[in-house]
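Both complexes below contain subunit A, partnered by subunit B and then by subunit C.
Then we have the complex of A and B:
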């Protein structure tokens, strides 16, 4: 079984739950940016939750199937069509041999997860089928899809059509998006005043936001507490002696535009980090379109851990609903 | 009149670069496949092409943030 790529979309990549364990040597996590949606898509078609799927951003691909399969599209509202006929998102449907899966204009969100029964069967690299395009690693030849590609699909019986995730179990960012964040080790570098308006200002997603980092602009610049820069740190007040960058950390180069590092991020460098977006809210970032307003909301470690448990419960409910 | 819709969310540009003139001006005749603007998103620029021939009238402004499916121009 294979899927032929007629049109690739803007940047469609093979992703699974990622490649943890190599970040300390500079190889990022990769994997779907909205993990709940990725897992839901797999469960809908009868795959294991971590099977490889396609992540399509802002624009869907056009795919032709060489065999019958069950398909589900979750995450962004990117309405699927089979031979031009509309299908529901978050709901399993059949695509028959020779039929074409295409998509209408994006209605909401940013990234759609397209699961196909059997899973995308590209080679496993360092424990994952996820694509890391900057490093040309994993996925389909280490890159985004191109017209003419033939994607191998594994064997799987495929769940029946019409299985659906109830709307209340689908998660999407609000308007403005609220991203909960834990202030970090370098919080003391900015003034109390800057710390206040970082949370009260409304930011907007910059158009260059991608899988590496989500850049925000529109809030007031952060003022730094004056200091003599330590040996090894650059001369800009936003510079620090090189440090590890956690997944979700928010760096603010020059104090002007916060960047939240996401699945394909670099693992270290010399910018101070104002804090870290909690793991429970990283999926939401993956669904932000350019120019979407967003706010950062301060939480404690206890609140962050509770949010993580709540997310796990939401997923348990989602599994139980099928 | 056919509306030309944005294929992507992002920033709409009517010129190939800031120091160049606009691809097309209101009232210009366009042919099917003519580039009428660019959408910038994720550090890449996607050309927007006319899907029909005729006289063009722009709806979206230069550097305007646009949504996928938003009308950029009318051609007819």
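Then we have the complex of A and C:
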């Protein structure tokens, strides 16, 4: 079974739950930016939760099927169509041999997850099928899809059509989006005043927002606590001796525009960080469109762990609903 | 040197060995990394050493962040007693300094540089009081460099020269990062050298290019068949200045699968090194050249 790419969409890549274990040599986790949506799509079509799917950004691809399959589209509201006929998101449906899956315009969110029964069967590289575009690694030939590509799909019976996830279990960012973060890392580099307005200011997602990181702008610049720069750090007050960057860490080059690193994170560098977005809110970032207003919300470790448990419970409910 | 711990969200702990860069801080980061690996703590998914810090990623469903922190603090105490001796590899990397490709690129981004009227080498030579391009090449390739961190992007080594602090080459990063850097550019920012493993954005000064690939996701290149990234933290790099002819010949040899990377296993002892840096480096060169 294969799927032929008629139109690739804007940036459609093969992703699963990622490639842990190689961050120390600069190979990031990769994998779906919205992991909950990715897992939901797989469960809907009868795959294992971590099977490889397609992650489509802002715009869907056009795909022709060489065999019958069950399909589900989750995450962003990117309405699917089979031979031009509308289908529901977050709901399994059948695509027959020779039929074409295409998409209407994006209504909400940023990234849709397209699961096909059997899973996308590209080779496993370092334990994962995820695409790491910057390193031309994994996925389909290490890159985003192009017209004419033939995607191999694994064998799978496929769940029946019409399985659906209730609306209340489809997590999406609010408006403005609230990203909970734990201050730390190099938080001490900014003044108390700057620390206050970092949380009170409303930021907006900048156009430079991708799998590596999301940039935000519009808040007041952060003022630094004066110091003599340590040897090897570089002259700018926002510079540090190059260090590791946690996933979700918020660096602010020059103190102006925060960047939250995501699944294809650069693993380290020389910019100070004010803290880290908590694991429970990482999925939300993947659904933010440019210009979306967003706020950073300070939490404690106890609150971060509670949010993580809530996210796990949500997933349990989602599984139970099927 | 005071160790500082910080949570990086609920999945990471960041350990700063020192605020400033030094070989001591780097060795502390390496020994912490080794000790954490050896401890095989359940729930740990990534252990990443950096220049003067290190980071652990873990699953908080398996180990509570506060317990992880306790484990790391206990390990720090044990690691402090470890002798600063490591098993390392010394690797010779040929460099064509002042090559046409980085030259073309640096000219294209000249308005983003501190000194639009000189090249990156001329500028760095001048601010480090080195005798022009030749003096720079001598200083840059004269003493070996430690791989003090691998990352940013896949397989990219950060390098720290094994000389006294007063002889360290220092240069600022570009005023605004370039949107392009040729693959295998030999760069420099702050006190760190690097080799760009892939083509892409970058802010480091550009000095030259190496014909030796250091990252191959397809694992076709002879010295990258075993693993796709060449460098590991703790490796030692010796630059070998080459001319255009040798550069072209090496590129051709790599393509034909006939290039043999010059690499030797060595033991590095920080105490011995500090007693006589130049003498110790000469011994390392001897090991590399089979003397």
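The rule we apply is simple: the second predicted complex is superposed on the first by the 322 of 322 C-alpha atoms of A that agree within 3 Å, B and C clash if a C-alpha of one lies under 4 Å from a C-alpha of the other, contacts with A are read in each partner's own complex, and residues count from 1 in each chain.
Just so it is clear, contacts are C-beta pairs under 8 Å (C-beta built on N, C-alpha and C of every residue); 3 or more make two chains touch, one makes a residue touch a chain.
Fair warning: this is a prediction, and the values are worked out from it, not measured in the lab.
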Fit-or-clash call for subunit B and subunit C when the two complexes are aligned on subunit A: fit
Touched partner set for A:276, first subunit B, second subunit C, both or neither: second
First (subunit B), second (subunit C), both or neither touched by A:284: neither
Which superposed partner A:318 touches (first subunit B, second subunit C, both, neither): neither
Superposition-derived comparison: subunit B or subunit C, residues of subunit A touched: C
Which superposed partner A:247 touches (first subunit B, second subunit C, both, neither): second
First (subunit B), second (subunit C), both or neither touched by A:10: first
Touching partner for A:57 - first (subunit B), second (subunit C), both, neither: first
Which superposed partner A:23 touches (first subunit B, second subunit C, both, neither): second
Which of subunit B and subunit C A:125 touches, first, second, both or neither: second
Shortest CA-CA distance between subunit B and subunit C [superposed frame, angstrom]: 11
Shared subunit A surface residues [contacts with subunit B and with subunit C]: none
Of all residues in subunit C, those that touch subunit A in their complex: 6-12, 14, 16, 18-22, 45-55, 57, 60-61, 64-66, 149-156, 158, 165, 172-173, 189-192, 197-198, 200, 215, 217, 228-229, 231-233
Subunit A residues within the subunit B interface of the complex: 10-11, 57-59, 105-107, 110, 207-210, 289-291
Footprint of subunit A on subunit B - complex, ascending: 5, 7-11, 40-44, 46, 65, 67-69
Residue ranges of subunit A in contact with subunit C within the complex: 20-21, 23-27, 125, 132, 134-138, 142, 181-182, 184-185, 230-235, 239-244, 246-249, 266-270, 273, 275-279, 301, 304-305, 308, 312
